[in-house]
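Please go over the structures that come below.
Note that chain A is present in both complexes that follow, paired respectively with chain B and with chain C.
Take a look at the complex of A and B:
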């Protein structure tokens, strides 16, 4: 409700400007009236925004701030997240909401950059109705919002905050990540690669030119060097984010002729790269690893044998997912509504919302059925273990998440018109994570080949 | 009348965050961008459009994080040194950029700022790449403040600085050095014949405007708590020019009025729809079409008719 009021007041505030158009020929008094009018509007705006809602009674609706990219190139990854949120929130509300309270989400477009995202976060946090933030997609935005979450004491669930820097100090009280992070995600690819292709000698890396690309390259290289010290990195290419043309990079890859090409390109970049690299034989001359390959399975014809994964366990066709009727229902509903099956960003968002829902249930059990405060909610998230659509999300004492990692290769399936993931392995979440407080890169450098031998083998997850 | 209106406006700004705490951040950011836009407006006096001022904005903000890393933790010192850093970058870039005019000046500024942007994004080990660097909460005269208290201090400090710096810039523009800028715009050769070195006039203006952008950048860095290369991206520079033009380049308050208008408009638009860009864009078109002198033109024109 307060939202509508705010919009009305904002509209009024702006309409007073329109008044000014006519007044510019007028008397000074009229100008003063404009200023007073504006002042009144602005004050009313503030009062409405600042009015708190009693937290202990069940409110009329539960506000969620959902941060994702809904415009710009990153929307290729952000929109599946928004779609999934729409779907799962409708599903929750159809069953009466979270503990009887209907959910209403406010989406914030991350394409406005850190400044706009912070302003929106503060505004949403100022309304006590918004108890939880699900933020964010971009790691720069996650890092910018984390100190704010602690300061404003708002439980903030990182639905796609995979940077290993996010919770590295171990002091977070309000920031949670029911996901893996870049460390287990990319170490998993190194282990899978060495299991599948033990004689690999040369590796080339082509990642997007920003922190995610560089982090992934660093982690993947460190893991390979630790597990097989004679591996040589023959090329490290960082094309600009949003490049339409990869011919130069592909030429470099073709002349370097590496055994393996690793890439964590994503969105339209990944589609472009695959479309341009396939005709030039990169997929036949090298073993290609596409860390975010699952997101394009339904869109570009990937050849067989490409190592792909889902940066977590969010593969909607995994054996665990197929065994869960909720997940099957979700995937079908998603396909019916949005025209394609949920890619892993969609599953990540859905799981994050399930995580929030479970936290409410746990918090209300703990305090005897009263509607929880933000602090009680954060308390309930700490150390929780939640069954998601595709597995479990366990929260460590340092608020970091333990989620299994699924990796496999593309295979043709008779049931689907697009390739699916076969020869899968599912690494346990805690097996690929450093201990809380340990420096991740230092931990990776201590890994020994024996460590990889104890882990499950490709094809073991059926 | 005019002073009264200005005082009322500053007072309104001071009171607003008490009523709506979230506005404090928006307003701090708006004032920060106002400083930078003022820097752009100073050069506009001489008919020079800089599409690269976000470089100084970012340089100062990065300077804050590097200085904090080097062990300086006082807000005052950080602000002074980071503004000096911005001015220094301005002096270096300005020493060769002020030889150019018109489109060449605009494009070279753009080019230099994009080199700076690329360095910030690419020097991953030094600047943290696109994830940027965190700006710590500094002490204020030795006092260790909690983050909310610091943000309030920062807001009221920027508000105070807005008035102080605004008055100083006004005096600078009214001095012979300031009037020389307009003279550069109308007839540069005549200025040289009068014995005024155009190069020095412009270099001083360039350094002043870089320092102003730097002050804005430092404040924005403190307010956001994180510095990312996007601060220096060319769209950010364009944004500053837009604010300067939108507010009206006739006087010092124009830059701040433009910044406040744009930030509040942006805040209002994103709450209404996903296509907030459309609303912001359309409003800008309307303002530019119907208020050619900017928002500040409303007040300035009235002043003229009163004479």
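Take a look at the complex of A and C:
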């Protein structure tokens, strides 16, 4: 026990030292930082090794490390996630906690960058109280944390990680994603577009300049080319993440005169783009697809007919969501507390916490009611099928998630002062996913128009 | 051919105008005080936040929408009047004559404080108020729809260049500033109140930064982190033009604007590096910038 306590203190001290070094990246300090990383990692491993016996007893509280963006332009997407976590955790604790153990969350702001996020993860993992990490929002941070989760053997639930690269090797034991990934998310848009606008000839893309933007462009383009080979990509723009001004990009899109403009910009970037593009006629001259458009429906006046979706099934007004009293209650409570309805990042976070709760229940049923170790918890997540607020999250043997994909277009609604999603389709989660271990892009290239014809059509989800 | 060149030209000018507003205050302050103010970007974003707040107030009280134009200018004056004397007297004056490292460390500390202050006051969500942009409408030029506000910005940037040149060359204050810039000790010895000149010049720099932020708000959002991005870009422009050179900042803004726009049109993957590639190219040929020189400085 003494070793554990000393290890925690020293690991925390080393992590804080590492944060201090972030400002100075000179060679000697950089070397020192690696040394500190190594030492902190070794000590954190020591803590993990020293705690399995204690983990069998019910703790006084269950700590969760929750990673999201709470500052910077990405906070427009990250804060709904934090809000939802606050709400769900309050609800869980009001009902006595998870299996009788109250939950306490420690939030980590991902805006500090990967080095800071890694240091915070290591610090939290070093404390045995924190049994699960709900991390992260950014695909880049998810990729950075995944090896650490495996090394420290901490169950880590990617509440938003979209990149298909996260679990591609199929070897992960402790990293889970109770969501779809970039493959079904963006193949869904290609299929919906071709159903709605079969004569499309030219497409322009404007995505953020990092893995999520580039992956989405690759997948969307590959799916379009497979299903309609004569489609031409006439412009591909990748503005810097957090860019406030898109006027030049908008001019470039206007000069390209594409039939379709596709974008997976998000957060404040998406708001800025919509506000700047709308008065300049982009939404009238082209069919616009905003893959994360649902997040701005309540904040920005989007015109009718824009193809939008929720990168999964997390639409709080979907027929399934409206039929679930828990979801209706959650949406109303969220609106009452935060002033707007839960956008899909909020639903994703809520679903991720429901997933964690279900894993505890399953793990305790399996081990005779004892409080599970981290390994037992991870074991319970593998292959699980959990009813969420908006559907089902199924975990495959490779730990990747199968979640349905909802896509539609913006329409006016008399009941709401903002546009909602209409003419919806709900694709089954497994119908747009390659088999575990299969190269996603190779799988997409095998798709044929017949494949799309077998899928449900726009307007079929009512 | 013309239809391809017009959008390139207009976008370059519009982009250069915004970049110029971000950079000109930085270069002016350096020319007079010989201090590289790392907190300049924060003052730019504070100008944006204040302008957006006042415009939102105007909208919420259903006052005449055209008041939002006055609000943009007023917010810059307000920020300059509050922060200019406060920062110069409270912090910057202690760095005069100190090494550049000390000046940069102190203004960097101020930058961190101002960034956190913005988060505390305005929160972490982005701010946006586009009333001035909507009021002016749009025009179709070369087959592309432009905001008339973008064209107004180009004109405003031109007015600022002319206005600053008139101020420096044809007013008493301008001649006093020139005297201080040319020889600080000599100016002091003939009775010029250099402290007053420093306060005024620094406040003018803050005004220009805040004006840049305020004028940018109607076309782009303001969010935490904008200050850092602005500062880096402003420094690149100041380095290309020559630190302390107002016309240099104008020409450098055009170069950076053109480089960015060309990258977006022709090689989008180079968009982010284009301004710094331009800086590198200029500094390799002229290490003191286009308008800078080793021995003499002018404004």
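By definition in this document, the second predicted complex is superposed on the first by the 409 of 462 C-alpha atoms of A that agree within 3 Å, B and C clash if a C-alpha of one lies under 4 Å from a C-alpha of the other, contacts with A are read in each partner's own complex, and residues count from 1 in each chain.
Please note the rule applied: a residue touches a chain if its C-beta (ideal position, glycine included) is under 8 Å from a C-beta of that chain, and two chains touch if they have at least 3 such contacts.
Owing to the predicted nature of the structure, the values given are computational and were not obtained by experimental measurement.
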Inquiry  = On the A-aligned overlay, A:112 touches which partner chain: chain B = first, chain C = second, or both, or neither?
reply    = first
Request  = Scan A:165 for contacts with chain B and chain C and give back first, second, both or neither.
outcome  = first
Inquiry  = One more residue to check, A:244. First (chain B), second (chain C), both or neither?
reply    = second
Ask   = For A:252, is the partner it touches chain B (first), chain C (second), both, or none of the two (neither)?
value = second
Request  = Give one of first, second, both or neither to describe whether A:271 is in contact with chain B, with chain C, with both, or with none.
outcome  = second
Inquiry  = Contacts for A:102 in the overlay, against chain B (first) and chain C (second): which applies, first, second, both or neither?
reply    = neither
Message = Between chain B and chain C, whom does A:236 touch in the aligned arrangement: first, second, both, or neither?
response = second
Ask   = Between chain B (first) and chain C (second), which, if any, makes contact with A:209: first, second, both or neither?
value = both
Key: Winner by number of chain A residues touched, once chain B and chain C are compared   = B
Message = Applying the document's definition of touch, where does A:70 land relative to chain B and chain C: first, second, both, or neither?
response = both
Task = Would you please give the residues of chain A that touch chain B in one complex and also touch chain C in the other complex?
result = 70-71, 209
Request  = Provide the residue numbers of chain A that touch chain C in the complex, in ascending order.
outcome  = 70-73, 75-76, 79, 111, 209, 235-240, 242, 244-249, 251-252, 254-255, 268, 271-272, 275-276, 279-281
Task = Over in the complex, which chain B residues touch chain A? Could you list them?
result = 1, 5, 8-9, 12, 15-16, 18-23, 25-26, 29, 121-122, 124, 128-132, 134, 147-148, 220, 224-226, 228, 230, 264-268, 270-272, 274-277, 290, 298-299, 301-302, 306
Message = List the residues on chain A that touch chain B in their complex, please.
response = 3, 6-7, 10, 13-14, 20-21, 24, 28, 31-32, 35, 38-39, 42-43, 45-47, 49-50, 70-71, 107-109, 112-116, 118-120, 122-123, 125-126, 139-140, 143-144, 147-148, 151, 163, 165, 209-211, 214
Chain A contact footprint on chain C (complex, rising order) = 4, 7, 10-11, 14-15, 18, 119, 124-126, 128, 130, 133-134, 138, 143-147, 150, 216, 219-226, 229, 260-261, 264-265, 268-269, 271-272
